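Here chain A shows up in two complexes: once beside chain B, once beside chain C.
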Partner chain A sequence: MSIKSLSRKLLLVSNNIAILLVAIVVILVFYSQNPNFLHDDNIRNIMRSMAFVGILTIGMGMLLIGGEVDLSSGAVAGLSGVLVAMLINTGIPWGWAIVITIAFGASLGLISALLVNVLGFMHFIATLGLMSVYQGVILVITRNVFIPVPNEGFRLIGGTSFGNIVPLPFIIMLVLMIAYTLVLSNTGFGRSVYMCGGNRKSARLVGIKPKKISYFLYINNGALGALAGVIITSQMATASPVAGQTGSIDAITAAVLGGVAFKGGSGGMFGCFIGILLINSFSAGLTFVGFPQYWQIVARGSLLVLALCLDYVISGARSRALEHALRSHN
Partner chain B sequence: MNIKKIAHSKIFTLLILLAIVIATFTILSNGAFLQPRNIRNIFQATVVVSLLTIGAGMLMISGQIDLSLGGIGTMCAMMAAFLMRSGLPWHLSMLAALVLGAICGAFNAVLVNEFNFQSFIATLATASIAQGFMAVISQGRQIDISDRTFNFIGGARFWDDLIPFSLIISLVLLVLYGIMLKNTKFGRSIYLVGGNADASRLAGLRPKRISYLLFMNAGALAALAGMLLAGRMMTSNTVGITNAQFQGLTAAILGGIAFGGGSGGMGGAMIGILILSTFNNGMTMINVPMHWQSVASGLVLLSALTADFLSSRKRTSA
Partner chain C sequence: MSKSFPGVKALDNVSFRADGGRVLALMGENGAGKSTLLKILAGDYFADEGEFLLNGILQNFTSPYSAIMAGISVVYQERQMIPALSVMENIFAGALPKNKLGLIDKPRLKKETMALINKFELSIDPSVPVGSLSVAHQQMVEIMKAYRRGSAVIAFDEPTASLAEEEITVLFKLIEALKKEGKIVIYVSHRMPEIFELSDDIVVLKDGALVTTFITSETTVDELITSMVGRDIGDTYENLSRNTEVGETLLEIKNLVTHDVHNIDFSLKRGEIIGFAGLIGAGRTELVRAIFGANEITSGEIIFEGQKIDFKSPFDAIKAGFALCPEDRKEEGLVLYRSITDNVSIPVLSKIRKALILDRKAEAKLASTAVEKYAVKTPGIDKLVVELSGGNQQKVILGRWTNELMNTKLLILDEPTKGIDVGAKAEIYQTICDFAKQGIGVIFISSELTEVIGVADRIYVMRNGRITGCVDRSDATEEGILSLAMADKDETGGDAQ
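What follows is the complex of A and B.
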């Protein structure tokens, strides 16, 4: 028993460390190309851009661990970012506008959950359909133009930074990650999320209700998507109709890079954090050293393939190690 | 007995649905909908979707999905336009683009078969890489095509301007692939692989080889679709056939090709494509704004899935 859990823990930890090393190497390479890469301004910019993808990644990471996926979360973020701007511009106090928007995001998550659990659609195709609907709605209500938000209080959320380096949204993301880490590792609920992702059938047999957990994960993801949308609108003081377009893919890439198994059952928030750090410093670095703009799209797609290959190698090694441990235990 | 069987078949239901869509838009548009030119437009719009549906549909029958076809097709069309601008003759450019499409398909197949990625995420990654390469080739601008033959293949129309040449190509391919699926050993083996990959391997089939062939086939067909559109527009732009891939999936599901494979065929898919094209054209005819059409296409996909869910529940309970 102890051998098993020990070897599994070792694999999990070493996985995170490997990715952390990659992130550090990436940062050092860009630093050696241009020392300004680690200048205060650039660090702040990287942190700033981490918050949006980071909050999306929390929700996506939880879904992936539980064996689900939601391709609409980027569009949910985009739509919520537009909604919060419109609400504030009609004169509703910004605090209330945020509450309404997050509730709205949660209800969009509920729609995904209903399609997957009641109608039994495959998760990716159901959420792909929803993504198209939401992106259409964004175009309809914005008529494809930016919506400025001239509200001072609202702009403070995205605009404040502590010590002139650490932006408030980054702190929000960190706090959320710590909270979700605690939920995942220290509560029965967290453990049942892992069980559902690892083996749905046996989870049901030991008395966990996978459907209930699936509902929670989708609603949670919708609410977090809405929060991400609120934050990006506040950071730009403008709602953009294209803000969330690559959100879902970026979040999946970050989570899988950070060691969340794509087929569910393992991973954690610390890994997600490193995944986001890696992605954002990578793309900031590419821009920084003047890598051609169009090649950057290729590079980001390749990063996802790389992440999945890594996932393949690691989960293969993990299951071999588990088998080995089991055999030697017997 | 026989009439009852026909009345219960999927194709019959689809034909009724098509009739309802046509009737509705004819009334709403005061008959303008049934003008010969508009009927031609409806058929013209099926060309790209048909080619994507053949590739995506066969993959779905075999239990896989490909979300990269729009990206691959757009990139390959851009490549063909780029090569022709650099002075390569049209036939070599088209051949190169078709091969490039097949290579992209093979890349998908490697990710799915050798690295065990789930096909939707593998092809999503390929799509974003293809989109990147497309931007690199085009530098973000459209490339105009002046080659007569290339533009003729995509844009020529016969018989009083009513029959597009590209429509003939897509119909011939639909029929050929339909016959291949129903009447050849290879076609039947695709159904077997989709129904149960393990059992098909035990029965002596090679699911991996079939998967490679289907992904490459879908990639090449996507390239052809992209080029036909580019030829008709006499330019290759950066949006290309990106949005048509979604319609290809919807048409396949609407036409009764089940997810998780094993059932469905080209006949149903063909009517599915017609229903979609009629619907889209009708919305334009009655002046539904462009942006709403994106909402509607997502809703149509979700309703096609719901119909599929309801009918499969009926089948299992019967």
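What follows is the complex of A and C.
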């Protein structure tokens, strides 16, 4: 096998290589600037921040693979973070408060599902509207003021770390990612999600019920959004009215960077993980080397555009390789 | 002219000439190179070798725009207009008349468009959006646009594929008018009667090479077909090994009405193949989709194995033993960017799992059995379906519906040989007969008359959403079926034959 055909093979198989390389380069660059970048404290901080976006990305990644999207999930997380704080502050045991909050998130997911499946609205537009509604509700309830949660038990969720390095929320995220990976690749349901995202019409004609799957994905996304909200409130011991503001965009970005096709039908949790790793280590790195805060926003945006360009080049090469495979076969 | 793609010679040293004031028909089976030739003409593709001369001047297109400027217009099947803009704006796109202020001169635009519309004796409102027009009228607008540009060559790619009979008559009148003006008309179509009605010259391509050129008035349909396929097609059907034992009634449709079809009655026995013939748009696809639970039913009864059924979705139909191979394989039959395995196993996922986990081994066995059974040409079952040829994609779909875990009792095939080469077609015909031998009832929709007559035991003919007749294979003739399919035209004094 020649190098050319080997590299073609590689292109066809690997979705995540480019982005993994970028992530490694980013980490090495910051490490070379300041070796403390890979110090325990900083690694813990990066993992802490990964959990919130990570859990959102699981729900969003599932939606995108199934050919759907929900822009409201960041706001659902924000609203849920506020709700769980208020419930605990009224004296409800924190365990029950979390259960109620997750059920609440799931019902918000159901609203998205209903708009898309019953009224037939375009998912992008419908959930954009919902995002705005939820963010408004957060401001109305909190009057844009932080809500402290003085509850030791609740704070343990976000505050516990294993070996003083790996935070509990990060473990929760990893366990969920592994579970969803198993669902996606080893169950009939997971397969149906891919088929729906790949071609909804075909999927329906082979006996899949795309609406049923769509309902599940939105409700699942709402519940995970609520869980992310619970976690960030617990991590800060405070509900922040701005916690979820960029959540949906970050989740979409991480998923797409990680090789989830924006039009559906392909991708997986491993790619999502790499996407989150890249975004969070980059942000953390910029803070770490003392990059001015406002410029960080510019840098983060530039990284996204750069990574997308790389993906564009690679997917172009991939489709050429595919075309080649197609022609040599016929 | 020659053009190669990696691994394929799409055009191999093809030479011919077209004269002004004449219609040249470009004919050949699918994959013969017609589309490639049109695309080179339109500046979409560049020829590897060869020359293209217009009025003796060597042309060298670098883009579709330069082809248009040189006077070439190609009217594709997919319309290339802006649906939200008006008819006149589309016709004059790129050359809108302006007034002194530099704004669009609407009155003049309208006047000039009306002049064009009157010239071609059409009735189109110049100020409505193109998107609101019928397919046929959109095509007329596109032709006027080509005319307005002063194109010397106007090429048509299967223009009648989605037109009704009356619309075709109007189109032909238009083409006649272009011919009278001395334009070169190049016409690609698979419909024999049209070719003989319209064209003056015929160029036949096969596998990228020029087979022969005819003067239309000096040739016959038989001679033309023989030159296109290069083999006698009659034998294919005579050599089929058919089912001789037809069982009891499997499916009965009583007075079925949907949005697209009206008062449909027919029945199908176990082991029987019934054909559905008709023109494109006759409602055959819509009928089988309704039976399959994919389209809504207004009224009427579907009786399957003696019981009245009411499917809410294709899921229910599949559970009952129905299977549908849709007309549009790529859009409705397959998930292209998934593997052969995924596409084969999808309806039986619930039968190949242990607890909740998919049994990968059983799944792989299912896929490899299908690949072996239908001799799908592929290096492996993990290959993406998009990488297979049309014939092999169709085989994957057949493999899906007939694997050992499926309990298919009724198989609906909607244009199963569309876009498939002649050799693979014969294989598919035999496969259909084999299904019948297993006691499966088969509904076989096809727009190729020879094929329906050759394969089906009985042929139902549809027109405008209604069944207009039923013929046994022994009594069936192409002419008879065609007249049932186009009866309206006969009544209005048209020339159906």
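Basically, the second predicted complex is superposed on the first by the 288 of 330 C-alpha atoms of A that agree within 3 Å, B and C clash if a C-alpha of one lies under 4 Å from a C-alpha of the other, contacts with A are read in each partner's own complex, and residues count from 1 in each chain.
In this text, contacts are C-beta pairs under 8 Å (C-beta built on N, C-alpha and C of every residue); 3 or more make two chains touch, one makes a residue touch a chain.
Fair warning: this is a prediction, and the values are worked out from it, not measured in the lab.
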Query raised in the report: With both structures placed on chain A, which of the two partners, chain B or chain C, ends up touching more residues of chain A?
Result: B
Requested in this report: Please indicate which partner A:H39 is in contact with in the superposed arrangement: first for chain B, second for chain C, both, or neither.
Outcome: neither
Requested in this report: Return first, second, both or neither, reflecting whether A:G207 touches chain B, chain C, both chains, or no partner chain.
Outcome: second
Requested in this report: Scan A:L119 for contacts with chain B and chain C and give back first, second, both or neither.
Outcome: first
Query - Contact set on chain B toward chain A in their complex - result: 65, 67, 111, 115-118, 120-122, 124-133, 135-136, 139-140, 246, 249, 259-260, 289, 291-299, 301-302, 305-306, 309
**Report entry** Residues on chain C engaged by chain A in the complex (per definition of touch)
**Finding:** 5-8, 292, 294, 313-315, 317-319, 324, 326, 331-338, 342, 345-347, 349-350, 353, 356-358, 360, 377-379, 384, 386-389, 400
Query raised in the report: Tell me, which parts of chain A touch chain B in their complex?
Result: 69, 115, 119-122, 124-126, 128-137, 139-140, 143-144, 249, 252, 262-263, 292, 294-302, 304-305, 308-309, 312
Query - chain A - residues contacting chain C, complex - result: 186-188, 191-192, 194-195, 198-199, 201-209, 265-266, 322-330
